[in-house]
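In what follows, chain A forms one complex with chain B and a second complex with chain C.
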Partner chain A sequence: MALIGSTRRSRATRVPPVVLAFVLIPLLAEAFWVFWPALQGFYLSLTSWDGLAAPKFVGLGNFSEMVHDPVFRTAAINTVLWLVLFGGLSAALGLGAALLLQQERRGVGFYRAALFLPVVFSLVATALVWQAMYQPDGLINNVLDGVGLGSWKHAWLADQDTAFYAVIVPALWRQVGYVMVLYLAGLKGVDPALYEAAKVDGATRWQQFRHITLPQLRSVNAVVLSVIVIDSLRSFDVVWALTRGGPYHSSELLSTYMYSTAFQSLRLGYGSALAVVIFVLAFGVIASYLVRAFREAD
Partner chain B sequence: MTATHAAARVEEPSDGDGRTAKVPAAAPRRSVLRGRALRTTGFHLAAGLLSALWLLPIVLVLVTSTRTFDDIAAHGVGSWPHSFTLDGFRQAWVDGGQQRALINSLLVTIPSVLLSLGLASMAAFGLSRYDLPFRRVLLLLMLGGNLLPPQILLIPVSKLSEVLGIYDQLYALIGVQVGFGVGFYVFVLHGFMRAIPGEIQQAAVIDGAGPWQIYWRIILPLARPALAALSALSFTWIFNDLLWAITVLRTDTQMPITASLIGLQGQYVSMWNVIAAGSVIAAAPTVAVFLRFQRHFVAGLNLGAVK
Partner chain C sequence: MTAFNASRRRFLAVSGAVGTGALLSSCVTQSPSASGGKSGGPVTLQSNLSSPQAKTSMQQLVAAFNKSGGAEAKLNTVASETFRTQLPTYLTSANPPDIYTWYPGSVAESYAKKDLLLDLDDIWGKPELSGYSDALKKLCTSTSSGKKVFVPTSYYWWGMFYRKSNFAKWGVQEPKNWDEFLDLCDKLKSKGVAPIGLGAGGDTPWVASAWFDYLNIRVNGATYHRELLAGKHRFDDPEVRKVFDTWDEARPYFDPNGTAIPFQDATTALLQGRTGMMLIGTFFADAAPKDALGDLDFFQFPIIDPKVPVAEEAPTDGYFASARSKRADGVKELLSYLAGAEAQELYLKNSSGTALPTHPDAKDAGTPLVVKGRKLIESAADVTQFFNRDSSDALQPTADTALVHYLAKPKQIGSILTTWQRSAQKIWSQ
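Right, the complex of A and B next:
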């Protein structure tokens, strides 16, 4: 691979030692804090460990335990549901916001900034902001009362049926602006001549969107998909701050279940196995991201 | 300079009507104008409503943070405010330990940003400007490490910091933030530095410049747009992190602001004025960075997007 680069570019072939050090020091830092721990993580998933005595090798025992673990099943289903709902809605809303705000006109900078502002908040702060609104005497119930929907009032975070969805909303509130920015950059790259040609041919706005905008955004869609899947599987803070996965695990995600299993129940082997499941779910996206990165890195 | 092209690609264009809709010349002028005015009104209505909806929680937290506890207890947290006080801020800042937590956050965030970007720019320089063996493999290995779900690393990292004797110390958090973040920054900076023309470097070599001088005096200054974007981005990422902090830290007085907010939530149950004030304090630094470096910030988000 390096050879391909050297034939195309005329560049000093001898690599000075200091350059080697430039590359090796960061690589070692990452190896120390990431690669080595990751290998340990995979190994620990095959053990039973309380963190004190030596880890005991149990083969795939942790994984067969998962099959009969109802909390794992809830967490896994919730994680997939989170991927679909959080991912799908943030992509759809982000694209919608980008389409609405794509044209440069007066005031558009303000609107974009308003939608983007939550992106810079920590998920914990986001969660606390929404927690106050979800209270029984909070804004959401007050508004429902005010518009005559008093019967819809809920203790949103304390009710098993609503907790999961009540946690998704703040996460969405924060993510939409991010996806919008990605799509805004993508829309900017669409050649305006394509729309001109379509208009001449009498295409409706929907046809333009369907046959020009969407195909032209294909590469951005791939980016958004990777970002969403990776972010979804990492989602932890907002659930942890709002419900800790409760009530009765109704808002449990694999990430929160993994954390409480490992650091509160001190079942480090089982926790590692849960982490491996998260890794497996993320693997496809990570691999495709790397393939695209590989192509881009010439 | 080609290096700036990559930046220009992701930067916001200047304000003003970019592409205005072409109108058929045959249509009567007045109805066209009225149609456009209608459409503009519609746009501002829709966008304004959406923005208001998005800003509402922020306004609400600001209002709640300036109410008294008695007011909230009497009228409910969702009611119209009947009081104004900054006492919630004092409680969160002094009694709630947010001052200490904010200092911890900055003690972690600033060195982490500087270190990881410093290291990443060195690696990116080596990988993009020299024909190292396994160049691409190394690059993707580093990027791949950053894409791993952190959960797989949590247990080993907490044990590793125990073994090193830095568990529950800010060094452990800085270490893992640098180690975990560096792969992504290398990838982004590599793409940017790759676009700098080789002639500049060759001229420097002829003038007798060594690799260090080329890196420090030529490549680094040219990579400034990417570095600025990544600084703004990584500042918010590291500052907002919760998971790594609660993995390698335990004592309350060591916790950064995000973890301390969770402590505040447990300590001041239903004292929404204090919790809201704490949230405002926790969000203020990143909002300041965003407002000050908005352009870099948006550029940074797009820099990371692999097409």
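Right, the complex of A and C next:
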């Protein structure tokens, strides 16, 4: 390596201008459109700003307010709960669906397509359909009535006890298909010879799954985990379209709370501080995972 | 080679992570792009009237103005949610649109006191505006500078709407006061009808504020109401508690789905006779089928304390202009035109026709409903706008949370009002 490096050094220092342009122009665009606004966001989180007057510097005031803000606490707990429920269930159900649908049988393509179809739809459109189903005289209540469970009828989105879970279901409905496709691709990559060898050794189905399938899916798990964490923390559209974080903040996530403080209450400083918290959470989870993953790969 | 691969990976990992985070936070600080033309050119009218009917009316209005010669105008219709969140950005940008559809009173005042609105004193002296009522003159004057900053063009009213045929079928009449109102509710409930529809679910939780507004102006008066909304009283005061004590008397008669369905669905329930009546603004008639319009009637929100001067809720709509407009002459020409009787009649003819013109000589739709509505407002001792218009759009979500919470958990009203005061304080103190 060192030898090759020194013989090529003279050429390497003269970078062709085209290459330089290819690197610098996107970097400049990125810096202007992404890094600069992001830095501004960090600055704004230290201010009190209504969007009209000049921002007023308040130091860490926004963050200390957060500590005493009960809505922030609800939103943070809900976000963690969302990560666990939405993330955990979509991984488990996605893997389950992939295992069920991995064998090439007649009609399996139809089921795969059906499960993947929700991913294609816009989440806001999906949410509108679910909203209609959740209405007091909507499909779900009518079905409950029809099968004699009328006492279970509910204003699903308007009740603080059910709103949060009622919002998770459509999000999950969509995510399962996505995760399933990732796992299906992973399962295709498993060498069938491994299963044959296991069968010859007399391994049970469970043992095959535990000792062949799961270890072979390690690299896919990395992708699934990143996708789930990112998708959980940025979940906004489905909650906003269905409940706007309501009723009285019971389905509030950090993302919806950030939006409503910034753009409804026009407290842009506090909203930016919430955005910084979301960033730190996402960055923390993803970075720690990536660092570990790359260390293992090396 | 492995060393090279690892370092490239690390670089990708780091830059990827940074990029993700930056994207997450960038949505808050995106530098706003100034819309609006260069100086010279047509006067831009930024409109949030994006419903098809209202948008067409506005287009015809602008076309009529352009035909009249003089200055030229360009209509720019923006989705109302975008308009609301972008308005501060428009007004503070260096090259703003000239005229905006918006509300007078404290909402306009929040911009006027930061010197963002154009001084319109001279056109208020012109014939188009000189005949306007004193109440409107007061409403459009900035309390901080004493200058006129707003041109009102129409208003509408809120009332307890019902279907005449249904009231006849149930054998009930309009109540004259609060006790008769409660009796009426009782009678309707015994007939298996949900007496009071609400529609504070979905994306219209603000409808519940109408009940708070009316109960407060009936129990404590309009002056107290406005002061409360301006932060001069507290939401955990005993006066406010009294409002909810009164509400408690009517709450058992509310449609149990009141906070689960948006007002459009609640309107349907009212028209289909599943609910008896509904406190709502005339805008709901836009979506009502034509054959139901003639069957609609309303009564005044019942008087609770006869000693309190009668106030009614009549939100006024109109326009203000940016102080940074580079076409002030054209702006004033267009605003004078919009304030005239001819323009207001043209607008009402093309829209649903349940609004009332602000010009004293402009003719309204003339239906019995509109005549009755006009009489209601003209006989009122005082006029309020609506919760958000009498305070700010930023305060509205605090009311939505508190009122929806109250309707679901009425026993927790004490802690609800404490929380309301705390969140309102954060808005007032900015």
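Observations on the structure shown:
FYI, the second predicted complex is superposed on the first by the 272 of 298 C-alpha atoms of A that agree within 3 Å, B and C clash if a C-alpha of one lies under 4 Å from a C-alpha of the other, contacts with A are read in each partner's own complex, and residues count from 1 in each chain.
Note that in this section a contact is a pair of C-beta atoms (placed from the backbone, for glycine too) under 8 Å apart; a residue touches a chain by one contact, two chains touch by 3 or more.
Source: prediction; values computed, not measured.
By the touch criterion stated above, A:110 is placed in contact with chain B alone, chain C being left untouched.
Of the two partner chains placed by superposition, only chain B is touched by A:27; chain C is not. Touch criterion met: A:249 reaches chain C, while chain B stays clear of it.
Of the two partner chains placed by the overlay, chain B and chain C both lie in contact with A:41.
In the superposed model, A:60 lies in contact with neither chain B nor chain C. In the superposition on chain A, A:178 makes contact with chain B only, not with chain C.
Ranked by how many residues of chain A each touches, chain B and chain C are led by B. Of the two partner chains placed by the overlay, neither chain B nor chain C lies in contact with A:149.
Residue contacts after overlaying the shared chain place A:265 against chain C, while chain B stays out of touching range. Once the two complexes are laid over each other on the shared chain, residue contacts for A:230 go to chain B and to chain C alike. Overlap of the chain B and chain C contact sets on chain A: residues 1, 30, 33-35, 37-38, 40-42, 44, 51, 131, 135, 230, 233-234, 258, 262-263, 268, 271-272, 275-276, 278-279, 282, 286, 290, 294, 297-298.
Residues 1-2, 5-6, 9-13, 15-16, 18-20, 22-23, 25-27, 29-30, 32-38, 40-42, 44, 51, 97, 100-101, 103-105, 107-111, 113-118, 120-125, 128-133, 135, 137-142, 173, 177-178, 181-182, 185, 188, 192, 196, 199, 219-220, 222-223, 226-227, 230, 233-234, 236-237, 240-241, 254-255, 258-259, 262-263, 268, 271-272, 274-276, 278-279, 282, 286, 289-290, 292-294, 296-298 of chain A are the ones that touch chain B when the two sit in their complex. In the complex of the two chains, the chain C residues touching chain A come out as 1-4, 6, 9-10, 13, 16-31, 85, 88-89, 91-92, 110-111, 114, 116, 201-203, 205, 256-257, 259-261, 265, 393-394, 396-398, 400-402, 404-405, 408, 419, 426-427, 430.
Of all the residues in chain B, the ones that touch chain A in their complex are 10, 13, 15-19, 22, 40, 43-44, 46-48, 50-51, 54-55, 57-58, 60-61, 64, 76-79, 119-120, 122-123, 125-127, 129-160, 175-176, 178-180, 182-183, 186-187, 190-191, 194, 198, 201-202, 205, 210-212, 215, 236, 239-243, 246-247, 257-259, 261-262, 265, 270, 272, 275-276, 278-279, 282-283, 286-287, 289-290, 294, 297-298, 301-302, 305-307. Residues of chain A that touch chain C in their complex: 1, 30, 33-35, 37-38, 40-42, 44, 48, 50-53, 70, 131, 135-136, 155, 157-160, 230, 233-234, 244, 246-249, 258, 260, 262-268, 271-272, 275-276, 278-279, 282-283, 286-287, 290-291, 294, 297-298.
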